[in-house]
Structure formats: C-alpha cells, structure tokens
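First chain A sits with chain B, and in the next complex the same chain sits with chain C.
Take a look at the complex of A and B:
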C-alpha cells in the first residue's frame, strides 16, 4: 500500500524522457543560427538547451509567445473582486459595525486591501502557470551534459519529430556545425 | 557619444562566470565568515532571549507607555521594512527600465529585501502585546460571531500589504534562483549536494520553451512587484497619516516614506556590497566600482528628496496656520528631542551631499562610512516621526517622554543579529550573483571576439 503510494508520487515527480539526438555548440550565436536553419528545414519539435535565455532563440526555434499574461490578467481580476467582495460581505452584510460614521460599504477605505489581493493572486498564479507550462516541479531531470547549465549550448531533436530518422538528423546536425553529436535521452 | 562601460571586468568566458560565482558556495567557509557568523548568531540568541523575557513578562519592559504608545517596535519595524524596498527597486523597477547594471547586484539586494522583511515582520507582532493572539489579524471565520477584522483601519491594510510583499518577494527571488540552482546541481560532485540542489532547482531543464515561459513570468513579477513595493511603504505611511495627530496627519507622507525607504535601502545595499566585495575578491569583477557609483548617485538623489520632504513639512505647518501643527514641528527641531532631529538631518541630508564629488562616490571606505550614517539617520527619522509627534500632542497636561529601557536597546541591536544570521547563511548556500542573468550582459561595453 505505502510502497504503491511512494511509487505513484515518484512517477508523478519523475521527469519524463524521450529518446533523441543532441548536438552541441560552444557559442550562443552559432546555436541561434543553427536553430534557425533547423526550423527552416522543416523540423517542428526540436528545442535548444541553453544555460541562459539567449537573445533571438525563441524566434529561431519557433516558440510562440507564452500565454501566461492572460492567466495573470484573469487571476488578477479574480483577486481584485475576491478582495473587494470579502470586505463588502464582512463589513456590510455578515456583521455590519459602524466605524467612525463611515458607510458600511466604505469603498475608499477598501481600496488598499483590494489592491494587495489583486497583486497577490496575479503573482502567485503567474508562477503557478509557469510551473504548469514547464511541467515543474520534477526530480531528476535528464542531464545531457553538465555544461549545459554553464557554458554549452545544444540543439535537441526528439524521436517524436515527424519522419524522425536518427542518421539523417545526425547528418543534418553535422552540416549545421554541431559538435559531439550523439543519441541520448532527454 | 558616451561609450558604455563594461558591466563585467576582465576577459571572462561563460565558464569563468559560473566558476567565480559558484566558488564561495562550494568551498569550506573561511575563518572570517565563521567569525562573523558566530557573532551574528550570538547576537541573534541575545535577541531571542530578550524577546522571550518581553513575551513572558509583558510589554511594560519596553519604553512604550502613555503618551508614547508607539515606540521601538514600530520605529524599528518601519526601519527594516524600508530597507527592503531597495532590493525590489533594483530587482523589479530597474528591470522594467532595462537597467542592465542591476543584474550583478539584484540577487543579493533581493536577499536583503527578504531578510529585512522577515526581521521587520516580527516587530508589529510583538507590539500587539499578546503575540499568541496575532492570528486575530486575519479575516478567518471564527466563533466570536464571527466578528470580522476592521477593514477601514490602516493597521489592517498593513497586515495585507506586508504579508503580500513578503510572499511576492520570496517568490520573485526564488524564481530567479531556479536556473542557478540547476547550475549548482550539475556542478555538484557529491551526492547530497546534487540531491539538495536538484530538489531546489525543481527539475529545471533550460530548454527554449522553459526560458520563454520563465522570462515572461519574470517580467510579469517585476511588473507586479513595482506597484506593490510603492504601495507597501505608502500603506505603512498611512498608519501615521490617516490618524489625526499633528506631525502625522500630512498628505506628503506616502511619497516621502517611499523616497526614504529607497534611500535607506540603498544605504544598506552599499554596506552589504562593500562587505561582500571584501569577503569574495573575485566578485569585484562583477560588482564593480561603476556599480557602486551608480548606487551612490541614487543615495544622493533620494537623500535630497527626503530633505525636500523635511522642509516641505515645516512650510506646510506654517502655511496651514494650525497652531498645534506648527508647535509639533518647532518641538521636533528645538524640543527635548532636538538631538534626534538634528542627527536625522545631518545623516540624511548633509552627509550624502559628499556624493557630489566623484572621489566619494568611487572610494570604498568613504562610501561605507556614509552608508552607515544613512542607516543611522533613517532609523532616527522614524524615531523622530513616531516619538516626537506622540510625546507632545494637543493638551500640555497629556505630555510626557519616552522611557527608553534596556529592552528597547536589546531588541533594536538584536534585530541586526537576526538579519545578519540570515544574510551570512544565504552567502554560504545560494549563488550571491545571478549566474543566468550576468551571462547575457557579459559583452556589454566590450566587443565580442576581443576577449
């Protein structure tokens, strides 16, 4: 029983991997150029792995703009109305208490808390959305090369790519100037 | 055309940056660190002891009494929360303004924010007098009616402002740390390190899709933290300004408090950065004299804004024609607490004027001393606002003095023990400069290929 629960949690947290081909670059600019060529050659599911956000890489790989701002907007509005409603309901409906002759629903005095709940909901849900989109948190993500979080850049073509052929991909990477091309799991 | 100055000195590669920044985390602590940490922990223990005595015996041990009902607790709370503001200014506001120099100081400044807010947050909780009932501050369904909190009170606004600020600061800081934890994970040579940093990095992979969401969320958090930080000290100033007390009841308080907060926070950033540079000489290539100079300019600017607010308060008191208001300000400068007022003016307005001279802006010893004065001056500013306004209000029969006690001294000094324990601990286990943020600015002010 307990073992099966631990197994389930483990599987939930373990980073899923796919087989594929990886090629390395020592320069960020070369990697961007190679990624652009790869996209132009018709690759769809490939990705670049970089130690920092490289300028121009999103366009090169063809990643669409993240939808997170919509989450922030909607959740910010939710926080705003939730905060205001909480204050209205507690101060004017559930147990109205007269304070300093102010109206039961004293809107100007309710603005600061409404503002804070807007920010709180917006910020926390944006981060939650980032976690969801990036499938975090996980444990033991596959490491193709420890330098990929330090000084190396890589292009990765997973086996889910339409018409995937390992040898063809390797040859194409060679053409793009990648080094240490190898098959791996990521 | 003015040439851009390099943000990172020396001929460095991406690998060098990783090595330099990770090195302090991956070696045994130096003797200097152990010495400082022992001192900080001892002061922290001293703090906890006195806090325990105050909790056990009662608030009467401290100087707060009629007519000065707000004392060291509130003064020191505003002091620490103000310090936090510079960290958010550097990490969020300067990010939105695309100020690339912020990258190498943002991480540590933000750590300072988080720890300063932790330190600050304890004070109002103790000030309530019955800290074991502090959960009454939250609007939760209860069996007393339910009797809800009073949402028309600025003190309650403060509960929401400070708790939101704490949460968002921690989250913003942690999001920034995720890729750097992944770097430390991949460098780890022993199993426990790998496990700990592996867990902390939450399974970060560094793909373009990862970075795309990450950068958007970082920008959104900066955009949300910017109005948040301005709102926090505005609401702290409402604690005073919304009351009817002469000396507190002024409309200038929100901008005046925000400027003061940024001023004091940059004072503390300079103090800490000088220490970090001394402790880790390799960091001098990242936190350069140019960085320090820019921050000193901000100190001078905000110092003058604070000075303007001091003058404006006097003008409005005279212009209002309200006798008690006029007396409150004359009493500040010439009454029994005249010394605190003039310490404040000297430290906050006069001394930072030295930064008009390039020598002082770029001399480490000079800026360190000035930053200490700024810290002292800004504590006294809150003392002046709180105590001098309360001790003589409308009725002379209601006048009195603040009976400063040993316990006030103990918890004021002790709070530095808490702050430095957290800060020194942070320097040992977290990368103190953002690795992933410094790399993209490596070639600013340099030509690529010349390295």
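Take a look at the complex of A and C:
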C-alpha cells in the first residue's frame, strides 16, 4: 500500500532517463560559440548546461521566447471582464442595493475589484502556465556531471534529436572543440 | 556577451556638435516664444499668464525629471544606465533658466492666483483660514528655497559626473550616493509643495492630498519619454555606436510603460476618493472637468495618456522598434501637455476650452530654450560618462528574455 503510493509520487516527480551525448567546454564564451554552430548545423533538441546564466545563450541555443505572456494577457482580460460582470450582476441585477445615491451600475466603484481580479487571474494563470510549460513538478533533470553546477560548461544532445546517431554527434562535438566527450544514459 | 564587446577603457565616443541648423531652429523657436509672450501680454494678459504657467510647468518638470532620474541611478548604484545617464543630466541644464522663469512667474501671479488678492481673501472665511500658507510672502519664500535646493543639488550631482570625465576619480561616484538620497527626499517634498502652490492653488478652495504625487507621475512619465527620444536621436546620428543600444532603450521603454500605469493608478486614486465621498468642496474639481469641452478632454486623457500607450508598449517588439517607440513617446509628451492644460484652464474658462497662438507660441519658446540647453550640454560635455566605474556594466547590458 505504502509502496504503491511512493511509486506514484516517484512517477510524478521523476522523468525517464534519456540516452545522449555530452560535450564539455572550458568557458562560457567557447560554449556560446559551439552552441551557435550546433544550431546552425541543424540540431533542434540540444541544450546548454552552465553553472551561471550566460548572456546570449538563449539566442545561441535558439530558445524560443516563453509563451507565458500570452497566457497572462488572455487570462488578465478574462479576469477583467469576469470581475466587472460579477459586480454588475450582483449589485445591479440579482440584488440591487442603492448605495449613497449612486447609480446601480457605478463604474468607478467597480474599478478596484476589476483591477484586482485582472491581477489575480493573470498572476495565478502565469504560475500555472509556468508549471505546465516546464513540466513541473518533475524536478530531476539528467545529471550529466556534478561539476556542471560549479565550474564546467556543456552541450547536451539527447537521443530524442531527429536523426540521432551517437558517433556522428561525437564527431561533431570534437569538431566544435569539446575538451571531453561522454555518452550514456542519464 | 559576444555581440558587441567594447572594453570600458577603450571607450571613445564621437563628439556631438550642435549644428548651425539646430542652433538656428532653437533660437527662432525661443524668439517666437518671446514675441508671442509680449504680444500676448499686451492683448490678452490673463490668458497669456495661463499659457505661461502651463508651458513653464511642463518644461520645469522635464528638467527636474532629468535630475531625479540621474539621482535614482546613483541611489540604486545602477550599472545598466551609465551610458544613458548623460541624457538625463543634460535635461537638468535647463534648471537655471527655469529659475529665471520663476521670477517672471511671480510678476504674473496676480493674474493667476485669486488668493493673492488681500481684499478678496478677507471676505472669504475659507481662504482667510488658509492665509497662513497661501500668502504672497510665504509663496515667494518657498519658490526661493525650492530653486536654491534644486539648483544646488543639480549642480553637485551633475557636476561630479562631468568632473569625473576629466579626472576619473572613482570617489565622485561614491559621494553621489548620499547626495542623491538627500535629493530624492528633498525633491519629494519640494515638488509636491511646488505643484500645490502653482497648480492646485489656482482653485484655492479645492484640495487633494494626492495632488503632488499626481504631478510627479506626469513629470516622470514625460521625462522618460523625452529621454527615449534623445537616446533614439543620438543613436540614429551615430554618436553613441555600441555605447547606447536597443538594450538600453528597451529598459527605458519598460520604465515608460510602468509609469504610464503609475499615472493612471494615481489619477484614479485621486478620482475615486473624491467621487465616493461626494463632498461639494472636493467634487467641484471634477464637476468642472466633466462638463462641456472639458469632458471630452477628460476622456481623451484616459484613452491617450493611459490605454493607448499601455497597449502600444505591451509587446517586447514595441519597446525595441525605434519608430514605434518614438511615436508612443511623442504621444505621451503631447498628453502631458494636455494633462497640464486640463489642470489649469478649467479654473478660468467656463465650459469651453480656449486654445490659440499664445499657447502655441509660448510652448515653442520654452521648447527652443529647453532643447538649446539640453543639446548644448551634450555638445559641451562627452555624450556618455566615459570614466564611470560602472561603465563596463552598461556596455555589456543585455536584456534577456
């Protein structure tokens, strides 16, 4: 019983291992140059792993902009109209109450709540979208090398790459000037 | 990092020269302003002073906004903005002329502020109660104190920056932190009181405690817009190649968007409290502005000072496309003028707006003078602070997505 629960949690948090090739580079600059060449050579699913954020790496690897802003915008508009409609319906249609001699539908009075629901919907859905796009809560990226969080820089080509051929990838890594190349299942 | 790697010790910006054509245009503008001021004073004295106050407040705010932006860069020890800081410093060069403008304003004060009329105040118990603050002596004393403080701080903060170009002394940057903190505090108080004195007291019975913040919101929004325009112009002319890039402009664009929202937030905060409380002495301000032509201008403010710039600045590309961004900046600057017009004119005119050559002329006059001092400052000094210790940070600045 407990074992099956642990299994379920494990399945939720862990992703299956992937075969692939890792090439290591000496510094961030070499890694960016190599990533640019790799993208230009037509690689699609590769990634760069560095111990700190490297300027220009997004462009070099060809990372597309996050779609989260569009989710935020659409959900913000939804929250805006939902909040406004809620107040209109409750205070002017379903249970009209006269307050201070103002009209039943008093837009200025409704703006603060409309503003809040806009922010609420936008913010919560941004977080939800962030989880969805990052495939969270799975939190076990392949551990290619412990030093990658410390001093080493690497390019990683998983076997999901279209037309993946281990020897060809290794040869290409060598051509890019990788100092150390290893392959395996991570 | 690999795109445009310039090392801070190799920086050698080209010299920006004020072209003869530019000088001529600015002089002609200033001259036209002077002419229309004189003609206005002899034909329609009162309206001329209204127009004078409007244009004066507009450009004084831009000048102060430049110093304020410079100060917050020092307070936050910002590295990204070093190469654009000279543009905001240049705007502060207008302040000495603004001080002269304040002297001129005192001469027109009797046509603007009804509380200066001693007989009128005596008959009005509310104004009599406010006499301790709203009287000629204290009004002038405040103006003198404000301008001494503003000129002093601007001179010290900006002077250290230009001195550093020559000496390269890193301590000047460190000293500017404390001075800038002091200026930000002084500015918050003095500009609030200044806006109360010069704009809010046009209707001396009315009061709004958030008025100073409202004036500041307009000041900062329009100052950022002007800075973006200067940055885009200098980039287009090739004076700052590799020094000021779209990365800097992008971040200024974010500032502009943020303070567009800030203005709307403050404007609404002022409105809703008055609307809800519904007290006649407070609602009179919005009563004037929701009738006749003023209602149209009120709506135009909501649409063109908030909704349109907000949506137009929302996407990433909008802040990185010079033509688009420049158009939004011009719109914001026009709406800042409309905003001040909306604050000043309904106090004097009935239901209908009046706008003519006096307003246009005085605006052109101040514009010419402002551009002359701002661009003149950039021509006199290096276009970027070449020896700032944080220069490298600005050169490497990169907005990631």
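Keep this in mind: the second predicted complex is superposed on the first by the 161 of 186 C-alpha atoms of A that agree within 3 Å, B and C clash if a C-alpha of one lies under 4 Å from a C-alpha of the other, contacts with A are read in each partner's own complex, and residues count from 1 in each chain.
Here, contacts are C-beta pairs under 8 Å (C-beta built on N, C-alpha and C of every residue); 3 or more make two chains touch, one makes a residue touch a chain.
Just so we're clear, the structure is a prediction, and the values are computed from it rather than from any experiment.
Per the definitions stated earlier, placing chain B and chain C onto a shared chain A by superposition produces a clash between them. Once the two complexes are laid over each other on the shared chain, residue contacts for A:100 go to chain B and to chain C alike. With both structures placed on the common chain, the touch criterion links A:140 to chain B but leaves chain C unconnected.
By the touch criterion stated above, A:90 is placed in contact with chain B alone, chain C being left untouched.
By the touch criterion defined above, A:32 reaches chain C but does not reach chain B.
Of the two partner chains placed by the overlay, chain B and chain C both lie in contact with A:53. Counting contacts by the rule stated earlier, residues 53-55, 58, 65-66, 100, 109, 112 of chain A appear in both its interface with chain B and its interface with chain C. Touching chain A in their complex are the following residues of chain B: 13-15, 18, 139, 145-154, 156-157, 160-161, 164, 167-168, 171-172, 175, 178-179, 182-183, 185-187, 198-199, 202-217, 220-221, 224-225, 227-228, 231, 235, 238, 435-437, 439-440. Against chain C, the residues of chain A that register as touching in their complex are 28-29, 32-33, 53-56, 58, 65-66, 73, 100, 108-109, 111-112. Across the complex, chain A is touched by residues 1-3, 268, 271-272, 275-276, 278, 314, 316, 396, 398, 400-401 of chain C. Listing the residues of chain A that touch chain B in their complex gives 13, 15, 35, 47-55, 57-58, 61, 63, 65-66, 68-69, 72, 86-87, 90-91, 94-95, 97, 99-100, 102, 106, 109-110, 112-113, 115-117, 119-120, 122-124, 126-127, 129-131, 133-143, 146-151, 156, 186.
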